[in-house]
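What follows is a short report on a single structure.
The first chain written gets the first letter, and so on, giving A, B and C; residue counts start at 1 in each chain.
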Amino acid sequence: MARSFYPAEAYRDSDPRYQLLPFRFLRLDDKQEVLVNEVGEFVVGPIGTARTLITKTLTSGSDLYSTFKARQFLTDGSSSQLIDLLATKYRTKHSFIDGFTKLHIFVVTLRCDHSCQYCQVSRQTADKSAFDMNPATAAKAVDLMMESPAKEITLELQGGEPLLAFDVIRLVVGLAEAKAKALKKDLRIVVTTNLANVTNDILLYLKEHHIRVSTSLDGPAAIHNANRPRPENNSYELTTENIAKARRILGNDQVAALMTTTHVSLEHVEDIIDEYVRQEFHSIFLRPISPYGFAVRTKRKTGYEIDAFLKFYKTGLAHILNLNRQGYDLAEVYAKILLTKILTPYGTGYVDLQSPAGAGINVLVYNYDGDVYATDEARMLAEMGDFTFRLGNVHRNSRKDLFTSDEFLNLAATACNQSLTACSDCAFQAFCGSDPVYNHSTQHDMFGHRPSSDFCKRNMEVIKHLFQLITSGDKEVMRIFLAWIQNVGLADINKMAPSCV
Amino acid sequence: MRLTTSGISNGRFNRPIVGRISREPLPLDSRRDVVFLGDTSALAPESLLGYRALISSTGRYSGESPGISAVNHEHLLTGDIVALDPSGFVRTLYRPASDHNIVFATGRCNSNCLMCSQPPKDVDDTDAMVSRNLELIRLIDNPPKRLVITGGEPTLLGERLFTIIEALRDKFPTTYVHMLSNGRTFAWPSYTAKLAALRHPDFMLGIPVYSDDPVIHDYVVQAKGAFDQTVLGIQQLARFGLRVEIRVVLHAVTIPRLAYLAEYIYRNLTFAEHVALMGLENIGYAPRNMKSLWIDPADYQSELEDAVEILSSRGMNVSIYNHQLCVLRRSLWKFSRKSISDWKNIYLKACDACQEKDRCGGFFQWADKLHSAQIRPLVRQALS
Amino acid sequence: MAESPEGFSQSTSEHEATIRLDGRIYSREAVLRTCHAFTDVLYVHVPESADSNLTIQLRLKITRPSLEHPNPTRIEDAVGEFCNSLLEFELRRQVEQETASVRQLLIAKAFSESGILEEDPPGAISDPVGFEAPSSVVQIRPNSGPLVKIAEP
């Protein structure tokens, strides 16, 4: 018996009503608004789109209706809610929580040979070895680190200038490697260093233990040296010389650079970027200056308005996109983090822009004296006498103590932007994060006050800017963004995607 | 390329027989699995004993063994595995010379796609198909590089499907098995778990998703609730570590939202190993529904390129099947595969002068009735 | 200016304004959230009201240009923006209300040990032949019980 065929209408539900699924919206500019669901899927439309959807006046059967349904903004009788699908996507977005603390920062010494304007660390001189981590502290800290349930542990060696305490590094690395092997954990190690004191022996050691280098390059010599004074005022020369040395021994992909933005940098974003190109780096992080430590004390020298930073950022991003178009692969890291959250089903492991906040949950800082802090910034607050985010001490406290301390519990209460005022309504909730330490430091309130928050304004404006670029219809810009997200070059994307004919 | 023929049965068998063709007479101890095809009248009766069946190339065979006198038999080669039906029908199940062998699981289907190239037969053929396929697997000598399990909807065999997959796993562990399914049964976690438990070493499912809109998908497959079951089925398959390919047939109903579908696949079915965008076959149900389906492929190149851009630039593997190079945008040539099975592949008269003919996949043999208005010979460009 | 037929504003001075709203149309929740959103630019006061109407008093925080704020917001613009935002917050409240339980379920599922994809889906698997014939030893059993043959569309 032959089967019959039925028209499309037979598969539409007779009830044309629809129900909403969770989402948020906001105005991108005076023409467009963006709607974003719980897992970061979005629809951009003219102002009033959200209103039409919410007031149930959207025409069932229209293209926009189908799109909202497919992206799980609404549900109707033609399909069950597919809640399990949405839950799976939510889990994927939040998989960075899995394993809890993955990044462990060891402050092996406070000693440093530089006196950077923005440094948040005590400027102890080279002969005060009372500021190095002692063996007993190192052992306890490594044990505590390895108690984290994460299968992949990243050990970040910091300071001061960590290479000034190379013997401490050897000790910590030795203990960590042994423990990682015994517990079958995957250990990655990185050292943040100004490279001024690096020797061939040190580099060979780093190579032997697969330790990556993260150094500071603030721009061309004039800017770099102005930001980062040292006795012979030759930080730039030493840094660049030693970057080359490090690359020769460790390999190009094992040496990365970060820049710090100061008042001096603000007018010279293109020069700074060009310097990164000259030094053959393929990623640059246009970071705002953090409002902690010496930066607050020396605010007149280094303080600046958020608007100036946004101008700096947008100009920089445009210059970077041009460089990419002309064939030089250079990723802007802040954009890459946000774009990963906007354009892919995945979250990121960047601890400063997460909800729940990375503080304590994804990162812990072990100071030279054994004190344990929720973030690097929390430690800088302590330098100024504010111990709000000190969770304990490796000599006195167990892991359980750390995570049941009042300090941690207070942090946890403000860690999720889903439950913070204004964030709970914000369309960018899935892309942004919460930073109770920042809020406490700048607004004296862990919950934070969004309307006057620089953290909020900065992220909002940058995300809006990225949305303008995403919706511009420029295929090449999208390919550049996707190259950054997938850690490949533009040429690789061009090979994967339709040919340019 | 013929795969079936029909003759007159001698009435000596009332159940289907599966056997391996030999055009040469064989010694007695080698005849058990064999269907001898030849001039039976020229051989003494004793030399015809012990074969599983006989196909006479001349006149009638009226001896005691099961037999069919075939009218057309030139396509049958020694080594081919055939199924003989008491009605006189002879179907080729397997050709060692071909790279495109299929295991036909069942004619049943719980969908009824507008453009189905193998329309369902609403007959319970479970017993017949399971025993036929197990015997087929037993008779194949050398491991094929790949096999495709298809139908109908193979999962309607229930757990008996697993006996077939197990047999393939045990006898041919190096053979890649691709199974075409609508994916709906896999929405039941217990079923999917059982498939995963087989641990076949090289197994992938090819599952169609025709739209990001459930109404449109359900309309194309003519089954309400199919979209939900398929999407959940694919989620379950991923959950149990099974490999999935997404297939989309390109026609007037699926083209308008193709770019949205690409986005949907990327966001929801990210783990898909491959996405196959396929040209319409003018066979099966398609001719009957052509008014709703036909769009000249030359007219949807923009939509196709958008969809391919979305998927490929995000790192997903994409292939375009069943499209001719003169119809496909040059920017998409790198995604085009020569995918048409040898036994249904032709070229048109216009192709004689084409300089890209060797690179082009050509047409299905029913394309002479219906194809793009843009078919024309191409001149090879200097750098391409 | 703002599109809020039920609310109207009265500029009482260069730097202050009063808005009166019909409390049946604008929820308290939306009003309070809108007020909060403007607390970088405005001082906001919502006095108690005897009836269902709401009164909101707005006063500019910055009234004179300075080096830090060369172009302070004007009261008319602040009120206009405020009213636009009010509508948006009201819409947001509607979404929240309608989707609260789904959202809870979603997050509960996402963070449960199991709980995702554990259940059988809606509907059943069958075709026109069905699974009642004895020879068809199909054993696709939903967790909840024996197969049900679904009717043809």
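Note that contacts are C-beta pairs under 8 Å (C-beta built on N, C-alpha and C of every residue); 3 or more make two chains touch, one makes a residue touch a chain.
Since the structure is predicted, the reported quantities are computational estimates derived from the model, not experimental observations.
Taken as a contact graph, the chains are fully connected, with every chain touching every other chain. Ranked by how close its mean Cα position lies to the mean of all protein Cα atoms, the top chain is A. Put simply, the C-alpha centre of chain B and that of chain C have 50 angstrom between them.
Note: centroid distance chain A to chain C, computed from Cα atoms, is 28 Å. Within chain C, contacts with two or more other chains are made by residues 117, 119, 121-122, 128, 153.
Chain contacts: chain B has residues 120, 122, 222, 224-225, 228, 232, 235 touching two or more partner chains. Each of the following residues of chain A touches two or more other chains: 1, 3, 6, 10, 80, 84, 88. Within the complex formed with chain C, the residues of chain A that make contact are 1, 3, 6, 10, 19-27, 38, 50-51, 54-55, 80-81, 83-84, 86-88, 90-91, 94, 421-422, 425, 449-452. Chain B makes touch with chain C in their complex at residues 108-110, 120, 122-124, 126-127, 153, 155-160, 184-185, 187-191, 222-225, 228-229, 232, 235-236, 239. The residues of chain A lying in touch with chain B in their complex are 1, 3, 5-8, 10-12, 41, 63, 66-67, 69-71, 78-80, 82, 84-85, 88-89, 344-345, 475, 478-479, 482, 486, 493, 496-501. Touching chain B in their complex are the following residues of chain C: 117-123, 125-129, 131, 133, 135-143, 153.
Across the complex, chain B meets chain A through its residues 112, 114, 120, 122, 212-216, 218-219, 222, 224-225, 227-228, 231-232, 235, 257, 260, 264, 266-268, 270, 288-289, 305, 308-309, 312-315, 329-335.
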